[in-house]
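Worksheet: one structure, shown below.
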Amino acid sequence: MSELLLVSIMIGAIQSGTPLLYATLSETIGERVGIINLGLEGIMLIGAVVGFVITVLTGNAALGVVAAALAGALFNMIFAFLVITRRANQLACGLALMFCGVGLSALIGAPFIGRQIEGLNAIKIPVFSDLPFFGRAFFQHDILVYLAIPTAVVIWWFLFKTRWGLSLRAVGENPTAAFAAGKNPYLLQYQVLFISGLLGGIAGAHLSLALAHNWAEWMTAGRGFFAVALVIFAKWHPLRAIAGALLFGGAISLQLQMQARGVPVSSFILDMLPYVLSLTVLVIWGRTSRSAVPGSLGRVFQGTE
Amino acid sequence: MKRRKRSIPKQLVILISLIFIMGMSFSAVAQGQEKLKVGIIHIGSINDAGYNQAHSDGVQAMKRNLPNVEVLQAENVPEGADAERVMENMIKQGAKLIIPASFGYLDPALRVAKKYPGVKFVHPGGYRLAPNLSTYWASTPEAFYLMGIAAGKTTKTNKAGYVVALPISFFLANINAFHLGARSVNPKFETRVVFMGTFLDAPKEAIAASALLDMGVDVLGVIVDSPITVVQAAEKRGAYSVGYHYLGAQKFAPKGWISGVAFTWGELYTRFARQVMDGTWKSEGLFGNLTSDYLTIAPFGPAVPPGAIKLVNDTKQEFIAGKKNVFQGPLKDNKGVERVKAGEAFPLTGIGKMDWLVEGIIGQSK
Amino acid sequence: MDKTKGLMEILRHKRVAAVIRFGGLFGLALAVFAMVLLVFGQNPFRAYADIFRATLGSSHGFSEVLVKMIPLVLTALAVAIPSRIWLINVGGEGQLFIGALFATWGAVNFTHLPAWLMLPWICFLGFLGGGLWASISGFMRAKGWASETISTLLMNYVAILLVSFFVFGPWKDPESANYPQSAPFPDAAILPSLLDSRIHLGALIAIAGLLLFYFVMTRTRWGLEMRAMGINQEAARRNGVSTNRYILLLMFIGGGMAGLAGMGEVSAIHGQLRPSLSPGLGYMGFLISWITMGSPLGIVAAAFLISIITAGGDILQMTHRIPAAAIHILMALVLFVVLARSTGKKGGK
């Protein structure tokens, strides 16, 4: 029984953690280059709806994911233009982008509500999926789940092990110095926001194609905002983002399991669990220095300068 | 630098003046014919295959029945200040009948109704009336009891799970009735309830559904705005499903569909509109039952054994004849407190006050 | 800062051009949305005229725009006040809910109070509730435990759930039966409104808040200290300004403003506490505050604009059959234009 409980919690954690991980990675690289994007919610919605629509039209979920990623990236270019080229306030632009995403996705998705799709289904990894505990928990998921952690590792590698990552972080720390050192901050920021949009679109696609198999208005239900918090939680580190997404996903999953098992606590109090838990962990474990904040992220807020 | 900062508000002021000028130059179009205008406001999207679509299809049916009726529709209207504004806007557009189609619109509707005594309001599921505000709903526990019978006869694992938005009394009563119906034919039956905390979060519903299925549940019921996600999740895993609100949900689970309780508001709305047009409308509290044309039991799916369908129909006749009560005592809640004494029955008109889950249901009612 | 006179003149000249260009851009936003309307088979001119008639073209419509503005101005202040020292308060929504929660407690449990006592009492409680809730984040920030951005954001969710917990559980009005809501406010606890419109006392509170904010920021030593702190925390600390005290104080006052917004909504608009208290007013306030960089006049203008667009959205879907969400596109387009225009800059930094 308790093994079943653990497996169930783990499955739920992975399922709800995956879109959060993609979203957190999307936000992480953006903030690493000095740009905070509160419009992630909108990007995810665009990804979710485009992924769904393309899957309905072509019957091919893989194509849906690719389209979702591209749509997310293109949509994020609106934001990029405003904050990079026009140097507009990032917080305000982010929220405006979110509203745009909410409206646009609702408009695009309206004719497709209730359409049925095959979507992304669990792929059992041979041999491993037959393992007693781990098999069910870790090796019977959809493709985007399997790709999530490798994506985080790849991003970590790019950020910390390549010249490109070095320049990117240099721009995030101090654009003026990076400019003086012969780097083109604008180009880098555009590149990064494009990739960030790809990841945000994939996060949305996972919601509509793998979890819900369905499109509903505003189906992200605040996950994009939460990812912004997770970035801070993960101290702008892609690998720590894995832990953060799993922890939060785990809290949601645990909460549902506790309800379904009749734990005598109000469901509203149980629902607080993910948020309170994240905050507590943050306070206990995050009390150390704040040095991880990308240097120019603070400047962003004085962005009109 | 500072100059630039200050310029933003100035730009906004200019922008607003622009709007004024533009609007001034366009506004002057008048309207108003003899048609009856009916305004309906929805809490969610009208194509959710659930609660809102049931209402929306209802007014569309009314429009087909009565060509002389025009419909003003607004979806995704938040309760509170926005709802009042939208209703008043509809009245300014000439609406004479308003359907605020969500429980939470009751107080805004009462306030607007007081201000416009000439406009009629019909509100679903409320508990208060005004001289120009009626309430209508149907007693659903009997229908859910029948769903329970069908589910109890169909299940293989004797376990059902309910994915529910919030612990609202009507919902609790429905789940209780479902469970009692299932227990009446299957004493080993157990029901688990998971509350989502919201009417719309499809990914969370999917995860909850899959968690319930992992526990061995093979019947999933759903009470959220849109049943699509949960019904589909059940179908994918080879489980059965029970729907609510909207007839069309069946197509999402051709194999695993048991049945569903649906609202078909078309005829009722047609009657309301006709009454308003010929002046016979009066304020009343309608509380329909299995015989009403607006409470429908959806067709049964292929998985339901024929014997179960017969039993459901027989029980339905007993309910209609008044020979059977859903909440027949003795009943205890799932904390062991006696709620209905032996020989008594919990009245269906009182389900608005039901805030407990019956013995055998795993879940918290608050 | 030290610009030459010649440059000033060019700038001044450019401003005229800028206004024209800005008008053009705004027209562009309307034109883009007009295309969306055309795709839906609607006449954009009719649509814009209808929006105008329903919002500014009638006294009732205009009053509704003002009603909508009240909480927006207050939640914008909730963000603008802490933003003076670069605190990012994303928690307006949660602070609004807790303010409403406190005010409800006061109104429902002290029903015998006369209006002249009751109104200040619930205002006080609303302010206190929002303020305390924000102070938790302020405290964590001051202690260096967690950034206020993340804690205020997370606590939004907790606050809404807390309100749900109370209205579904201990505070549920037995009369209301089916649906969760608190007992109705006594008449004395309902903010009086202007004539027969729905403009309520909250409007005065919002105006007072704006004026006070403006006065403190520009005319007092505090304002100066805060500005110094905003520019350079390190230097301010060296000059003996206690940053932590300001963090706590500004978060408290900011939260209090959002709490007042919550109090106003629950008292004047809803008349009882419900989980559906706010359709994201706190986030709107955040947007308004950052779009205008916390300028008081800007807050009023932006709140006005957003209220018009939201109210106009009703009309679009009622008479033009446009999905409700489409109005968000118009709002975003206008915001994009305002944002893109606001900081047209030369060169990098």
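For reference, chains read A, B and C in written order, and residue numbers begin at 1 within each chain.
Methods note: a residue touches a chain if its C-beta (ideal position, glycine included) is under 8 Å from a C-beta of that chain, and two chains touch if they have at least 3 such contacts.
No experiment lies behind these values; they were computed from the predicted model shown.
Visitor: With chain centres defined as mean CA positions, report which chain is farthest from chain C.
Guide: B
Visitor: Would you mind telling me which chain pair, B-C or A-B, is linked by more contacting C-beta pairs?
Guide: Pair with the higher count of C-beta contacts: B-C.
Visitor: Could you put a whole-Å number on the gap between the CA centroids of chain A and chain C?
Guide: Computed from C-alpha means, the inter-chain centre distance equals 27 Å.
Visitor: Would you mind pulling out the distance in Å between where the CA atoms of chain A average out and where those of chain B do?
Guide: Whole-Å distance between the two chain centres: 33.
Visitor: Among the residues of chain A, which are close enough to touch at least two other chains?
Guide: Only 106, 110, 217, 266, 268, 271, 304-305 qualify.
Visitor: So which bits of chain C are touching at least two other chains?
Guide: Residues 161, 164, 168-169, 291, 293, 323-325, 342-343.
Visitor: Considering chain B alone, which of its residues make contact with at least two other chains?
Guide: Counting only residues that touch two or more other chains, chain B contributes 1, 4-5, 45, 76, 167, 197, 366.
Visitor: Where on chain B does chain C make contact in their complex?
Guide: Residues 1, 3-9, 11-16, 18-20, 22-24, 26-29, 39, 45, 72-82, 84-86, 88-90, 92-93, 103-104, 106-107, 115, 125, 127, 166-170, 197, 351-353, 355, 366 of chain B touch chain C in their complex.
Visitor: Would you mind writing out the residues of chain A in touch with chain C in their complex?
Guide: So the residues of chain A touching chain C come out as 78, 81-82, 86-89, 91-93, 95-97, 99-100, 102-107, 110, 175-176, 179, 185-186, 217, 222, 225-226, 228-229, 232-233, 266, 268-269, 271-272, 275-276, 278-279, 282-283, 286-287, 290, 298, 301-305.
Visitor: Which residues, counting only chain B, touch chain A once they are in their complex?
Guide: 1, 4-5, 44-45, 47-49, 76, 161, 167, 192-195, 197-198, 200-208, 210-212, 214-215, 226, 228-229, 232-233, 236, 248, 251-252, 334-335, 362-364, 366
Visitor: Which chain C residues qualify as touching chain A in the complex?
Guide: 36, 83, 86, 88, 90, 140, 144-147, 149-151, 153-155, 157-158, 161-162, 164-165, 168-169, 283, 286-287, 290-291, 293, 323-333, 335-336, 339-340, 342-345, 348-349
Visitor: Which of the residues in chain C end up touching chain B in this complex?
Guide: Against chain B, the touching part of chain C is residues 1, 11, 15, 18-19, 22-23, 26, 30, 45-46, 48-54, 56-58, 60-61, 64, 67-68, 161, 164, 168-169, 172, 174-180, 196, 198, 265, 269-272, 274, 276-279, 291-293, 295, 297-298, 301-302, 304-305, 308, 310-311, 314-315, 317-319, 321, 323-325, 334, 338, 341-343.
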